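Here the chain labels run A, B and C in written order, and each chain numbers its own residues starting at 1.
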Amino acid sequence: MAEIASKAAFSADDADDRRRLQMVRLVLYVVSSALAFMTVAPLFYMLSMSLKQTNEVFGTNLVPHHPTLDNFVYVFTQVDFIRFLWNTFFVSAVVTVIALIFHSMAGYALARLRFPGRDAIFLAMFATFLISQPVIIVPLFILARTLHLLDSYAGLIVPSIFNAFGIFLLRQFYLGIPRELEEAALIDGAGYFRIWRSIILPLSRPILSALAILFFLANWNSFLWPLTIISNQDLWMVQVAIANFHQQYNGSWNYIMAASTVVALPTIVMFVIFQKRIVESIKTSGVK
Amino acid sequence: MRDSAAEIRKGVRAAAPSIEGGPRLSNRARERIAGYLFVAPDAIGLLIFVGGPMILSLSLGFFSVSGFGEYAFVGLDNYRRMIADPLFWRSLEVTILYVVALVPSLYVVGLGLALLVQTNSRFNTVMRSLLFMPQTVSLVVVGLVWQVLLVDKIGLFNQFGAALNLQSISWLGDPRFALFTVIGISVWFLMGFYMLIFLGGLQDIPREYYEAARIDGAGPVQSFLKITLPLLQPTSFFVLLVSTVAAVCGSQTFDLIYIMTKGGPANSTSLAIFYIYQQAFLFNEYGYAAAMASVLVVVLMAITVLLFMLTRGGRFTYG
Amino acid sequence: MVENANERRAARASRRAVLAGGVATAAITGFPYISRGFAAQTLKFWQFYGPGGGVATQDKWFVDVAKSWNDSHEVKVELVYVPNNAYMDGTKLPTAFASGSGPDLFIISPGDFLRYYNGGVLLDLTPFMEQAARDDFFPSVIANRMVDGKIYGLPYEVEPMAMYYSVDAFNEIGLTDKDVPKTWDELLSVAKKLTNAKRYGVLFETSPGYYQNFTWYPFLWEAGGDFQTKEGKSAFNSPATVQALKFWQDSINMAVAPRKPLGGGAWDSVPNIGSGYCAMQNVGIWAIAQLREGAPDFKYGVFRLPTPPGGKYLTIGGGWAFVANARGSNPKAAGEFCAWALGSPKDGSSQRIIDWCTKAKSDMPPTKSALEGGKAAFENGFLKVFTDEIYPGARAEPRMPPPVYKAISDAIQSVQLNGQSPEQAAAAASDQIDAFLSGYKGAPIL
């Protein structure tokens, strides 16, 4: 929108339009900032609660009366939190990479390649999207146990890769890519795998970046499945560890908030790194 | 932009092997094999880890399950019980209300935010990160933070209201308001996700169209209506479908209810997915829960198929 | 061509379904246990205290108990730690049982008792205990873990509900500990005086769940009400029920109680009474430990639940119990362990219970010998108030089949928060209970 506004500058009444442009830009800045502030404001409470002492945590004051870093110290010294962070990072990263590869291949095939049963396969895949995890957890647990996946990284990683959401989104995206590039490559005799690797993958950078963020985030914050199949504390993921601060009659909300603040940081970093790639377009003129 | 085109053409040429002696298989056969091979990893994985458990779980709908290893085939009993269960129907009502309010809100907010921050600039980088931040915190944090903000009398919202001489409202404790409060919090939590999807979708629209429109004298609103919206159809379809499915049976939907209201007050936020969980894990009625879950799946499948037929398999032609 | 591909896929799918189904059935019917004739040498004990739990004293108690047993017995006990809210509300236990791999030893609350008992999972512990040991348990405490005179669970604690008040808030309006409310009306009027722009007078639980029901039952009982008649029909539709429901409704309608507590719920004292959100709180004995750790400078007092006009004082006692899995890998050893740990004074059970109730936690003991033996600690500080005034009169938490629980929960919710008339709600719930009871064939509700 800012772009359209800027293009509006090239009309007859230059001075007037420049002022109008500046007004529009100013309004947009103000609106964006206000929305962003209102969005983030509740999270100030998260930070605030993590810096408060136990008796103050639920006080309505935003600024702690006796700020303390004790909660953070506790989180890192009383529990092996670094290890849990590492476990979670490892699992999330591996799942994200493998999922992106598999889903991109599947999405491309479902969007572009013609083979019998394609649409039926797609609908069947999509059907798996319609069920929520708590419903299938018991058979899934039995399956994991039968495959000896309990209490292992593999058990955390393998079932989490397969989710129809990514396939669906990538297929949508690939439906919209112009065919000329692939057709040129096919005429030159390229195999489908090479086409996928050298043409489709680079073209899908924006959408893959978006999915990288979302997959990483989903796995980073996952709770139910890790809780179900892991009993060995060495393999805990962060959300299970955070839930552990909550004892039978003791909320320990200050520790939970401190730990959650720490846990939120990596995904924020992931987002900042990847979000620019999403809005880079490598669509070029002359191709459409 | 020019360079990327050259890059792609280079990539194409690199991808093309030199062929002597002609291909062994016909092009159609090659395409078919490639199709199956590409789909194979995900298809097999989904079948084993989701499809199988899903079929097993849903087939439990015809059994009465004790939760300790006893399975008794009861045919349609669970379904008959469902029809006579007022709590089930109430949970469907609440779910429909939830979906009807949430899905359009997420669409509008997600798209609006994406439009606002779509151009690359340092300012927008910061804005995008801030707008996405609710997604990066876990739902436990979301629950706790909003609890403090919304609590009766002393929560920030009520203090603000008191300053305006308004009576304190129990946003989460009053059956009249609780569901809408949860919807509001859901929008706050989920909008970054859909903003991201729309950002990706907006990139699909070539800049030239906007240039051409500007040259023709179109204003921003007209550009939006005549270019952006139509070309966003694939993304819109995707967002509507995904948000509907997520609203009905998504994990995040369930988690929010579980953390903030546990289905209360007075069953006003007892969504179908929450009622199913209660039956399965608190009441140990796995068979009954499975029957209800099957109904949900069938309904969602119907909506999906309908939407797919309306949009010819999710393909849209550009005008 | 299309048909072939689809056929192949369908065949693949159906083969997988059969395979998966077969695997599941095999697993569920006990395949992992290899053979029953070979009893296991290690018992897995699932609980939410340790090792690696959050409360050091409780962690230590469990570790010590396991070690003490392991030092003197061949079959070993292995503690498996499950985080608390995962254990209680989560899917971990149900999933384990549903997939045939339930633990050999675990702990349950009274609310869960019927589910496990009716599922045939609880081992009868009576044969492992001497008569004297069985009589040592207070009858009202052990009643909800007995069926037909047999004991199926051994409690290690009793957690009575009481009322707490903030000394500073009382002093503000000129009240002292002599002015603690003794009747329901007094409670409401004192609460009204304590309510101001920043605070509520009293706090009751408002979130639906087993806990809310648990905290409401004593008020029903005080008014003379109950769930079941001797003939097994619902006794819920009674003036007592109406009175008890109305009491909670009044607290909300008079705006002296909030609709939403802070923190984890009304069981969480530090965020509520400890932060000044409310001046009185209906919470259990565990708040002593909570406030000691989380708000050490907070001055408070404890008093027993007020009574309605013409009513008798009663409170409710919760508390968890050791149970043995009758379908576990070595039920005999598991039963022996439970009896040895808690039901055998000659093996040190009394001291163990005393240690738990006074050092690891602050709770009331379930046995007479422990109450006697730990007199020194139980006559100290706030525990003294509980020992002298609150605990006598405690009735055990009832064990409810889920449909009965839900009927009552819905009644409480709709009256307390949705303005429904108590008479209507009581009648509706009672009808549902009757409908359920007519087809119910399990152990009696207590």
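Simple rule for what comes next: contacts are C-beta pairs under 8 Å (C-beta built on N, C-alpha and C of every residue); 3 or more make two chains touch, one makes a residue touch a chain.
Note that the structure is a prediction, hence the values are computed from the model and not measured.
Chemist: Which chain pair shares more contacting C-beta pairs: A-C, or A-B?
Modeler: Of the two interfaces, A-C and A-B, more C-beta pairs touch across A-B.
Chemist: So which chain is farthest from chain A, going by the mean of the CA atoms in each chain?
Modeler: The most distant chain relative to chain A turns out to be C.
Chemist: Using mean C-alpha positions as chain centres, tell me how far chain B is from chain C in Å, no decimals.
Modeler: 37
Chemist: Rounded to a whole Å, what is the gap between the Cα centroids of chain A and chain C?
Modeler: Roughly 39 Å separates the two chain centres.
Chemist: Can you check how far apart chain A and chain B are, centre to centre, with Cα atoms defining each centre and the answer in Å?
Modeler: Using C-alpha averages as centres, the distance is 13 Å.
Chemist: By the touch rule stated above, which residues of chain C touch at least two different other chains?
Modeler: 20, 24, 28, 90-91, 94, 98, 262, 277
Chemist: Quick check: what residues of chain A touch more than one other chain, meaning two or more?
Modeler: 58, 115-116, 121, 134, 138-139, 143, 224, 243, 253
Chemist: Note the residues in chain B that touch 2 or more other chains, in rising order.
Modeler: 48, 51-53, 56, 148, 154, 280-281, 286
Chemist: Within the complex, which stretch of chain B touches chain A?
Modeler: Per the stated touch rule, the residues are 1-2, 4-5, 7-9, 11-19, 23, 27-28, 30-32, 34-36, 38-39, 41-43, 45-46, 48-54, 56-58, 113, 115-121, 123-141, 144-146, 148-149, 154-156, 159, 188, 191, 193, 196-197, 199-200, 202-204, 206, 208, 210-211, 214, 220, 223, 234-235, 237-238, 242, 245, 249-251, 254, 273, 276-277, 280-281, 286, 289-290, 293, 296-297, 300-301, 304-305, 308, 313-316.
Chemist: Give every residue of chain A touching chain B within the complex, in rising order.
Modeler: Interface residues on the chain A side: 1-5, 7-8, 28-29, 31-33, 35-37, 39-40, 42-43, 45-46, 49, 58, 60, 102-103, 105-106, 108-110, 113-116, 118-119, 121, 123-136, 138-140, 143, 158-159, 161-165, 167-169, 171-173, 175-176, 181, 184-186, 188-199, 202-203, 206-207, 210, 213-214, 217, 221, 223-224, 239, 242-243, 253, 256-257, 260, 263-264, 267-268, 271-272, 275-276, 278-288.
Chemist: Would you tell me which residues of chain B are touching chain C in their complex?
Modeler: 47-48, 51-53, 55-56, 65-71, 87, 147-148, 150-154, 162, 170, 172-175, 261-268, 280-286
Chemist: Which residues of chain A touch chain C in their complex?
Modeler: Per the stated touch rule, the residues are 54-59, 115-117, 120-121, 134, 137-139, 141-143, 145-146, 224, 227-228, 231, 233, 240, 243-253.
Chemist: Quick check: in the complex, which residue numbers of chain C touch chain B?
Modeler: Going through chain C, the ones touching chain B are 12-13, 16-17, 20-21, 24, 28-30, 90-91, 94, 97-98, 100, 102, 115, 119-121, 197-200, 206-209, 258-260, 262, 277, 327, 402-403, 406, 410, 413-414, 417-418.
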